[in-house]
Structure formats: structure tokens, C-alpha cells
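Just below sit the structures, each encoded as C-alpha cells.
What follows is a pair of complexes built around chain A, which joins chain B in one and chain C in the other.
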Partner chain A sequence: MNTNINKLEYIFSKDCDDNQVLAKALSFSNDEVIEELIKSGLRGRGGAGFPAGLKWKFTATQPGDEKYIICNADEGEPGTFKDREILTQVPKKVLNGMALCAYGTGIKKGYIYLRGEYKYLVSHLQKNIDEFHEEIKKYGIDFNIDIFLGSGAYVCGEETALIESMEGKRGEPRNKPPYPNTVGYLGKPTIVNNVETFASTMIVFRLGAENYKKLGTQDQHGSKLFSISGDSPKEGVHEIELGMSVEDFVREFGDGDTKAVQVGGVSGFCIPRKGFKNAIIGEGNPTGGSTMIFNSSRSMYNVLHNFLDFFAEESCGQCTPCRVGCQQLLKGIEAVKSGEKPKEYLDQLIKLSKTMQITSKCGLGQSVTNSFTSIVENFREEMIY
Partner chain B sequence: MNSTKEFIKELSEKYGKERKSLMPILQKIVERNSYLSVDAMREVAQILDISAAEVYGTASFFSFLDTQARGKYKIRVCKSITCDMKGKSEILKTIENILKIKVGETSKEGKFSLLETNCLGWCHKGPAMLINDEVYTELTPEKIRNVLSEYIRERK
Partner chain C sequence: MTNNNITLTIDGTTVTVEKGTSVLDAAKKVDIKIPTLCHHEDLCVAGNCRVCVVEEIGKKTLTASCATPATEGMNILTSSPKVRRARKDVMALLVSEHNTQCTTCYRNRNCELQTLASEYNVDNNIYLSVLKDSTIDKSSWSIEKDDSKCIRCQRCVRTCAEIQHVNALSVTEKGRDMRVSTFMHFPLNEIVCTNCGQCIIHCPTGALTERRYYDDIWEAIDNPEKHVVINTAPSVRVALGEMLGYEPGKIVTGKMVTALKKIGFDSVLDTDFTADLTIMEEGSELLDRLKRALVDKEQVALPMITSCSPGWVKFIEHMYPEHLEHLSSCKSPQQMFGAVVKTYYAEKKGIDPKNIVCVAGMPCAAKKYEANRPEMRDSGYQDVDAGLTTREIGHMIKQSGLKFEDLEDGEFDSHMGVSTGAGVIFGATGGVMEAALRTAYFIITGRPVPFKNLNILPVRGLESIKEATVKLENCLPEYKFLEGVELKVAIAHGLTNARVIMDQIVDGKSPYHFIEIMACPGGCIGGGGQPIPTTDEVRKKRMDAIYEEDMGKPIRMSHENPNIAQIYKEFLEKPLGEKSHHLLHTKYRKRKRY
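Then we have the complex of A and B:
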């Protein structure tokens, strides 16, 4: 385990010719590309952390020719902005990563699902895509990418909701299984990967799987972008080797008065000061890279209230535990704060959030308990007084 | 400018008359008319050969596919956590004072609508807002006054 922060510069490095990396990767056979990726241990960077190579392999082995690759650029998790930075600064890395995926799996059609909030990026992206289409011709890859714009719904970052919306329907998550790699866009096998995941595949092939795997910890390989915001003098996107403790993180990025760090966005966990030492960022918490820092001037009641307001608004309303649960949690903490309900009511609310975890249909409802329980348990007094 | 009906027909020719073209078609109508009128949604339904309820169902799901009349400029102020910590309330108040409208309202001449939205992906530069597709970050009351006065001055 690393005890210090190891800053890296791979994703945004300007001195690396991504076309050369792609050319190198294409000297492997299709299967070898996927095997190399599996060997690297690269996990998805969108939050759930599924091994990227395995996802490609499962989809490649599905029957049929009509399959899709979707780059998830919906980036709606509060506190996350690294995908926007990647698409702004190094879009070719993402496009080449998608081309690699196309080569490895034989898929011919790709989409970038770009959140509506990033519409200003369309012309920049389209220009890069047009150039990219020209460039890959010379490698003989038959692959084409279109941009699909979202329209302002957080839940559409969930891969099946994303697919529903691309099909012109309400962005309501589907039951899983079947997973998109068997039944995805238009019912066809589909690979959905995060922007940073595609960009990271380029780093795997630049360094080689063996070297890539050496970065990070036993479980989490490689480097990772962190979106840092809140009470920090160093807000912004930082690339760091995986495996750092929250304590080191706070020492580096805090303002000297850090009271809590929210790891993984509103769907992640709140780590209080006493937990800094033992918590490792990206282990046991979502890997999306959102890290929000709160100093002692912040009311954790206000933080939680803001989070619950977010969930209540962004719940798609399809299933009852989440639709009603989010609203009840919000009303519940208001009632405790105003004295209308006794403080023991908080325990009932925690139970409710745990029920939501078990009974909700998608990750949104299932993860409300993460921030809810970690904030209420660690800052109970602030919830009451 | 041609009629909305003709415009929708053109869109259906560009994007195709399939269900999967629904989002891009609705997005383009909002871009042009700033919202989806009942008539526009009916027209889309007819052209794509699906029920108007289906079109409304999809449209009403997405916060950027406005189904209520909106001004030419939609101001969306981020209300998620870091923007909130950095003074979003003051920003909102400043806008309300300048435009004389509250959140959810549209100014009388139909030029501005003031809305709140969730995280825009600029948390490290909060408070942030969108005016249509344009992003504005690190807002201060003074910056707001400057930005809005440009929009106000613009003719039409």
C-alpha cells in the first residue's frame, strides 16, 4: 500500500502520440488486445468498477453482427468533472480507446452519450471525430462514431437508462440481468464504458499491461483522475496513483481544517476526520473519482439536505422504495431538525435507507443509504441541534 | 422562419422517422422554439407514428426538454452542493433582482426564464450556471450584472 500521494501524468500527457499507441495496440490480434486489457486489471472508471477487459470479452463472444459501443459521457454525479476535462483536452485518447474496443470486439458502430449540460462541447468533439474517422481509415478499421446528446437527467448515466433514452423512451433503468452486453441498445449486445475507461485503455497499451498493473494496489490498478472540489485550495482534476489513504489526500488537498470528505459523489460515502487514517479512496467506495472536501465551517445537516434534495429530484420514480423513500428521508431529517420528531427517529430513517438499498431497482435508490447513513451516524448531533 | 410543422418534417427527414430519433428531434425543437408546445408534440407523434402520450412521456422526463413555455434565454443556476457552498443563493438573489422574476418564472417580454438545475460539472469553479448552452463559472454578483446586461442590451 502506498502511504503517500503519487501524482502521475498519463491521461493528460501531451508528449505521447496516441496514434502511435493505437498503432502499437493494433499489432496485437483482436483476442490479444482483450487479453492484454484483462491482464492489466483495468476497472471501469464510471463508478461500478467492473473489469473493462471482461466486459469487452463477454460482448465480443455474443452471437450476431449488430453490436454497439457506447462511451458514457453523462457525468452527472455531483462533484465530478473529469470526463469533461478529458473530452476537452485529450478527446483523441477517448476516440482511440473506442477504436481499440472496436478492433478487439469487431463492433462497427459507436456513440458518445454526452450530457446536455456539455452541449457547448459538441463542435469541438465533432471536429475531433471527423479527423479521427480519417485517421483510422489508414489502419483499416471500419468504425464510426456519432454523438448522442442527453437532456438533463442524472439517472441516464445508469447504463440501461441511458440506452432507454437513446431509444427515445423515458430514461427509466431496466431490470438487470439481462445486462447491456447481451441485451443493450436496440436489443443488441452493447458495451457501455466511461470516458476515462476508454482513455485509460490507451495508457494500458502505452505502458504495457504488466507495468500498468504495477500501479495502484492489489485491487485497484493504474492511475485515476480525481475531481476535487469544496474547501480546498487545489480544486480541480488531479491524476493520482490509486491506493492513497484519505489522510494523505486531506494533507495534500485540504485547507488545514478538513472535517469530512465525501468520496464517490452523493452516491458515495462521507468519511469523518476520525476515519481518515483507515480509509483508502477507491476501496469499498465508488471509483468515480468525485471527492468533495468540507471544512469545519460547514453544516453537515445542510450537506445531507442538499444530497437528499438531489436524490428526490433525480429519482426516476419508477419504483416505490426509491421514489417515496427519497422524499421521506428528506422530510424525516427536516422533522428531526425542527423538533417535530424525536432524535430516535433518525434510526428509523437509517433503517428505511437500508430497505431502499435492498429493494430499489437501480443504483440510484440503492446507494442513497451510503451518504445518508455515513453522515447521520458520524454527525448525529448536527442532525438534531 | 418556416412553420414548426415544416420544421418538424425536415427534422424527421434528417434524423429518420423511427422512435430512436425522438430525442434529437425534440432537442432541436426546443433549441428553436425554447419549449415543446402541445401542438409540436402532437405533430412529432403523428410523423413518428406513435401516440402523443408517448412523446409527452419522454419529453416530460427530461428537465431540458421543457414542456412549459419558456423565455428565449433559459438561465439555469446550479444548486448542487459545492455551488451551494460557494454562494449560489446570493447569485440567485442577484438575478431575481435584476430580472424581477423568481425561480420558475419567465420575464414579461418572454426573454428570460430563471431555473435551478443540478450539478453542471464545474464544481471546482462554482457557483456555475448555464444560459442556454453557454457556461458561466466563478460567478459573483458583479459578474452576473455584467453578463446579464449583455443579454438585456441585445436587441429583439
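Then we have the complex of A and C:
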């Protein structure tokens, strides 16, 4: 599948031998690898943005030998397609990142949890994994990777639901704590990182933690892949240094008539024109990298309706606020639009979305309020008339 | 402070708990009640209803107190404005998804959602209704499933998986369509379900209920041509009170008998009588098997396992169809009752059995199914016409307008109304075993079982699997082949425990001669037809009442029951005789595992 990729800087760079980077990283001691990663400030690229090095460290220090590394390739956030590109173009970068994790933490078993819809990538990936297994032998790393194919639920991108699914159970998020770093796959300490996170660790070691940290802002370091879709002449995957304002982003990628940008996928925020100037992509919004651009021809009611319909369908359904809340928000905006409910009902729904944020079991239900509130507040008249 | 203790603050009160204690339980310790719905002390933590959320100072999101272990220094608010608003909102969401026709619901005034919605004064009209279209599954003889009342707490799913290891119910679909369903959405009568009804007593609402038959019974009572007989199981009399305003553990035998007579039952009899009869038949069967194994050196299936619990019987038919020969061929007391009511009793009373309606008052949902098993027609009619749960009997008494607490104590009718303490203890796990040992030991040795006051304590209590060994010494001449034998017995309750026992048998490693298995935790006192709630605390109280009733009985061994001697003399002739075989014993069938 061809995607329009404009910038090939680090992640997709072909002029860099990833094996050399790995060899360089392996000259560090196990602990130093983790320390270097912590120093780099790399945060998870899946959406939640947890510091990757800390996650490795917490898991490495857990007692026991049986631990697991899982690469989360269940790329399901609407508007995200960067992981697919990474796995298609530079799978070795991901595998080497996992090997580095294995080296740093002493873990011997890894899995790639591949989104069911990416089944066509299996043979390509398996070929690379087979080669990879041969290559790491020479480094003396005892590490082995298997592919696990998901079955198509959005919520399985949530790490504990992913683990449940791998264990052959219904893909539903677990109660946390305990977190996977203590009780993960098969009850053992487990590191779950996004595809791009593993790939990014190779950039950290290519550039060195110091240099990597210089990229980006005070909070967000390094470069990041953005999946750009919607009303953009340049839709596709772009690697961008973190810290770009939405204004610059719209100038670069918009079609000249951008009305709103949805940053961070459906779980993220909708930034209206008046907010372009002050909003920084990746700060205060999820780091997944989905950016959807809407121009003035779009009905934000339809956009929100579409999002809510997605949530109402993709909630796992186990917890009340998410299962029922998503349905209420969807039915609620329909009722306001049709006049069945007064426009003030939107305020009730915003309150409801805040309840969902503080009472839902996992990130899915907790983040619905992001898009809901930002769209309803900024485009209220579109919701009513 | 040791390493195993954790100190936290809840609503300003400091509390120290053991490591691993949930915030919910820590709050309970200082008498702070946090509302719950998906939580049930019998089951694993789910944390999915989100009603028990509390505020943890320093955290942005609220914490599900049932699913969160207390940590050192935690500062919890259980009723802050933020918590109360959120909790009420979550309840409003549940109500918006719920069929709120409470006035016509069987669980009206005994519904956890209704109670909370009322306590929090939840406004039914805040949100739009998102109630889904569904039809009530009435296909089973025992259980009705009404999805419109389901709050998706999954207590039934966890019950069926954890307590019973049957997995008849599971979660299906996701998002707005998520619901509890069966294998391939088959109706309840077509799936592997033991009808035990544990799902019912763990359901917080009216989504799962027993199939009710009391309207049919009222009709029969009102029909002058019908002679309506009810027999009540031992565990009903120690639980019925809970339906009528008494605390758990209250024995209401006398008032119950009076109430049933006033309601219009033509005869009120005691299932304990056929419990005694079961002991005679089953004890003889055990001795026969032992003799054939030890003396005749025949291949006989040992251990022998009790067959009183219809949930257990259907379980073994589904799950271990290759091992049915271990089951005693004895019918359950309910079915023995039906078979003798429509033969012996009819003859004695001079009533045409076709005009007899035999009703069983049971702690059980599976008894309804059992009554309708096609083979249970040895009297020439359907032996038992209907099984009523303790709950249904409670409802009938309420419907009758009787002031239960003011009723005089009544006596069971004679002829199959006399019973022993041995029959009474059938209601608790271990009771059948204890009753059997009391009689078997006496028959074998001519002496009472060597336990103080006949109380065989090792077989009592709520421990998951109990074992006991009774050494047989100085046997009567007829039973010399048992001299010196150490009779090994085991008791399991709850089908997950039954599986442990059965797997031993499958592996050829079962060390026992005789095993009692009851489908429900605690035995019949914790049955699927008992008042709700049923928790371990309640089970213990009902159990204590059972043993209290036993101690109060003048006769405490089945073979001493004069009615039993009489029925053998006048009708059945002898245990395992031809007539017994025809009326009191049955066959089992192999069923599919899925």
C-alpha cells in the first residue's frame, strides 16, 4: 500500500544501518541502556505517553525470570496509519528496538500483537523476524519474537485488553493496578510498547540521548510520526519534530480552508481556528499522532456523530460509564439536533462526558470527553441547527 | 507496623488493614458503606459497574473501591461532592438502560439497582432510554432470563464460571450491544445448563429469575376436584422466614405448615420423610455395592455418589457421561415423594391419583426441571407436578394475606409427615452423608455411630471438600465382610468442587467409598431457589438452624422413622425390592458437553 510520505528523516531513513545502531547500543551495559533511554525523555508513542525508559526499568526490576515484551501493533485509532508504514518499510528497526529492550531488561520472549486487518503483513514480517533471529545470534542475545494476530476490537489497543486477548480471553481492559509491568501476559511482568516507540529507541541510540532530548519541547522530546488525513493535499505519514504549533501545522498541511484539526485521533481534541495559534501538537493531547484536518465544507455535527458512533460500537461494554455513556452522548446529540431535547441538554451531556472521564475503567471511556467537549463547545451552533 | 499491614485514611478515619485488602473492605472495617452492584463476596472482583467509585486525594480520576487494593498513606473520600455526583450519574446511566417497570417485576423491593436508585433519588428522565429490544427466554423449566433487566454486571457469568464451572452464560458482543448470552445464543433449554439457579441468587436485579408456577398451583387449589399435596424440603423451613421479615437462621417450620394449610393445600407433608427413605435405599445400595466388590469380587463402580441434587445430576450427565455408573440409582427425595404420593398415599387416602397434584416446596431451581424429566412418571402420572422455590412459597404466603408472624405452629400431616433429624440435615452440605453414616453404621454394627450425640462434625461446615473416615469394627455377622474396613467418604458442594472429585475418579485415584455432592455452595440451604441475598454469613445461619432442628427431633436416625417402617411393611416391602426399584430408583442419560 502506497502512502504519500514526504519526510524521511530518522524513522524511515534508509542510509542508516540499524544493525550498527544496535551494535552500538549493545556496547552499553544492560542498566546503561535503560538509563540512556530514560535520559532521552522518549515517551511512549501509542497515545498515553508514558516514559519508555521508566517502563523498561520497572519491569526489569521485577522479580522472576519469566517476563514478556509485547510490541503493540494493534493500530486502531481512527486516522492512524503510521505503524503500518513502519512495519512495511522498516520492520528491522522495530525488531532491533525490541532486541534492545530484551538486552536492557533480560527478557527472552517477545510478541508482536498485530492488528487483525494487517494480516497481509504477516508473511513480510515473519521473513524479517526469521532474518532477525539469525542476526541477533551473533550478538549473543537470547530473544525470540512471535507474531500474534488480533481479532479486530479497537479496545485491544489498550494494553491490558491486548494481554487478555493474547491469553485467549475476551478483549477487555483489566482493573489497574496491577499494571502489566508487575502482572502482565500470563500473570508475568510485561512491557507493552507501541511500534513507533521501539523504532524510536533506535533513533535514541543513533543520535545519543543528549541529542535526542534536544529535539522537541520541554515536555516532548524527539521526532514523531504523524498520520495526516482529511482535507489536506499532503495526507499521509510525516515525521515531524515535536513541538509544532497547530498554526504551523495547518499552514504546512491544510488546504487553505482548514476549520478544525482533530489531534490525537478520536480520543484526542478538536482544535478550532481560534485555537490554532496556541495549541502545540503533542502537548496536552494524546501522542498517537493521528491528525485529521477538516475544512469549512465539513459538518462538525457529522464528525462528532461519526466519532460517537465509533465509540458506542467499540467500547468493550463492560463498564457502565463507557458502555451507556457513549450511547447517551450519541443519542443525546441526535435528540438536540432533531429538537427532541432543548439545546441546554448539551450541557448535561458535557457533564456526563466528564463523569465518564473520571469513572470509566480504561482510557477509552476516559477520553471520550476530549473530542466531545472540544467539538460541542467550539461548534455548539452546528450541534443545534 | 508489620510489612503485611497498610494504613490509610478513609473519610478522615485512620484504618489499618492487611496488605491486599480492597478499599471497599477497608471502608467496611470502619463501618463506612460504599454502594456496589457488580461486587459479590462469593465472586472474583469485576470492577465494571463503577458505582463504588471513591475519590483518592491526589488522583484526577475516581477509584473503583472494590477493585483497588489499599496502599500505604492513601487518603480516600467516599462521599465527596465529586463522588456523589459521579455515582448518581452512573446509576442514572444504568437506569437508562434498564426496564424500569419495577411494579410488575418479580424482584420488586428485592433489587439492588432499585434500592440504590431510590437511595440516591435517581431521576429516571435525565437521560434518554437506551433499553434494547429483547424477548424473555422462558424456554427452560427452571430459569427465566430477561435481558431488559440486565445491568451487565456479569455476576451470573462469574457465578457460572467460578462457583459452578459450567460456563453456561457468557458475555457476548461489545459496546452498546454487549450483553450476557449463551453458547450461540441458544435458548436456555438447549444449552449445557444444570438449572442450579446460582445465577439467580447472584443476580442483583430481575434479569434472572426462576420460572414461576404458583399461578398454576393457585388454580389447582381452587379446583375442588384436585387434591393438592405439598411437601417441603428441610432447607425451606430455615430460610422461608427471610421472605417474611425474619432474620436469617429463623426456624419457621410450624408457621409454614399452618400457612400452607390455610392457603388451601389439602395435605402438607414433609420431604424429610423421603429423605429418610432415600437413606434406606441409598444406604442399602452402598452396602450392596460394597458386598459385590469385596465378597463377590465383581466390577462395581465405587465410589458411589449421591444423586439427590438435580443440578449435580445434570452436571455429571453433561460433563462426565462416561462415569454415570458412580451415581446412586436412587431418585431424589422430591421424586421419591411424587412416586409414592401418587401410589401409596393415593391408595391409603382412596384418592384417584389422576386428581392428585403433587407440589414440592424446594430451595432449588433445578427441581423444576427434575420434576419434568420425562422418565419421572413411574406412578403412571407425572410424579411431581411442580416445584416451587422457597421464594415462590414466600410470595404465595404474602399473596394469601396471612399475617405470618401471628400464625400458630402447625404439624405436618401424618402418613409421610413424620421425619427424623437425619432427614432434616439433608438441607446442609454433608447432611446426606451424616444421615447415611448414622444409619449405615447402625445397620452394619448394631451400634450408633461413634460420635458424640450422633453429630458427625467432620462432615459439616462450608469447607469446599470435606473428608472423613469411619472404621467399621465388631460388625454384625451379616456384615463381617466389612470388618476392619475404613470407610472413606468425601463431601463436595458447588460444581467446581464436584469437578475436583470427578477428576480424581477419572484418573482412577479416588480414595473414597461414598461421596456426597450438592450442586450449590452450602448444599440446599444455599440453593438457587432460596431467598436473596444468600452469602456465607446467611448460609452459616441457615445451616446452624438445620442442626438445631436436628437436635430437637426425638428420632435422629432414618431407619427409626416409624413411617418408614410402615411404608416398607404396607407397600414397598424392602429396600432395593422390586417395588422400590420401580418407584424409587431411576436411570441417567449421557448428554453432550456442548
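Structural remarks
The rule is simple: the second predicted complex is superposed on the first by the 377 of 385 C-alpha atoms of A that agree within 3 Å, B and C clash if a C-alpha of one lies under 4 Å from a C-alpha of the other, contacts with A are read in each partner's own complex, and residues count from 1 in each chain.
One rule holds in what follows: a contact is a pair of C-beta atoms (placed from the backbone, for glycine too) under 8 Å apart; a residue touches a chain by one contact, two chains touch by 3 or more.
Here the structure is a predicted model, which is why all the values come from computation and not from measurement.
Once chain A of one complex is fitted onto chain A of the other, the partner contacts of A:Tyr118 are limited to chain B, with no touch recorded for chain C. Look at A:Glu313: by the touch rule set out above, it reaches both chain B and chain C.
In the superposition on chain A, A:Gln327 makes contact with chain C only, while chain B stays out of contact range.
Between chain B and chain C, the partner in contact with more residues of chain A is B. Of the two partner chains placed by superposition, A:Gly275 touches none, neither chain B nor chain C. In the superposed pair of complexes, A:Pro51 makes contact with neither chain B nor chain C.
Once the two complexes are overlaid on the shared chain, A:Asn175 sits against chain C while remaining clear of chain B. After overlaying the two complexes on the shared chain, residue contacts for A:Arg84 are found with chain B alone; chain C is out of touch. Contacts of A:Leu186 after superposition: chain B is touched, whereas chain C is not reached. Looking at the shared chain after the overlay, A:Gly208 reaches neither chain B nor chain C. Comparing which residues of chain A touch chain B with which touch chain C, the overlap comprises 153, 170, 313-314, 316. Looking at the complex, you find that chain A touches chain B at residues 75-81, 83-84, 115-120, 148-154, 165-172, 186, 227-231, 235-237, 262, 266, 292, 294, 298, 302-303, 306-307, 309-310, 313-314, 316.
Residue ranges of chain C in contact with chain A, taken from their complex: 45-51, 53, 60-62, 64, 67-69, 82, 85-86, 89-90, 93-94, 96-97, 126-128, 130, 151-152, 154, 171, 173-178.
Interface of chain B with chain A (complex): residues 18-24, 26-27, 57-58, 61-65, 79-82, 84-85, 117-126, 130, 133-135. In the complex of the two chains, the chain A residues touching chain C come out as 153, 155, 170, 175, 177, 311-321, 323-328, 331-332, 335, 341, 348, 351-352, 355, 357-361, 366.
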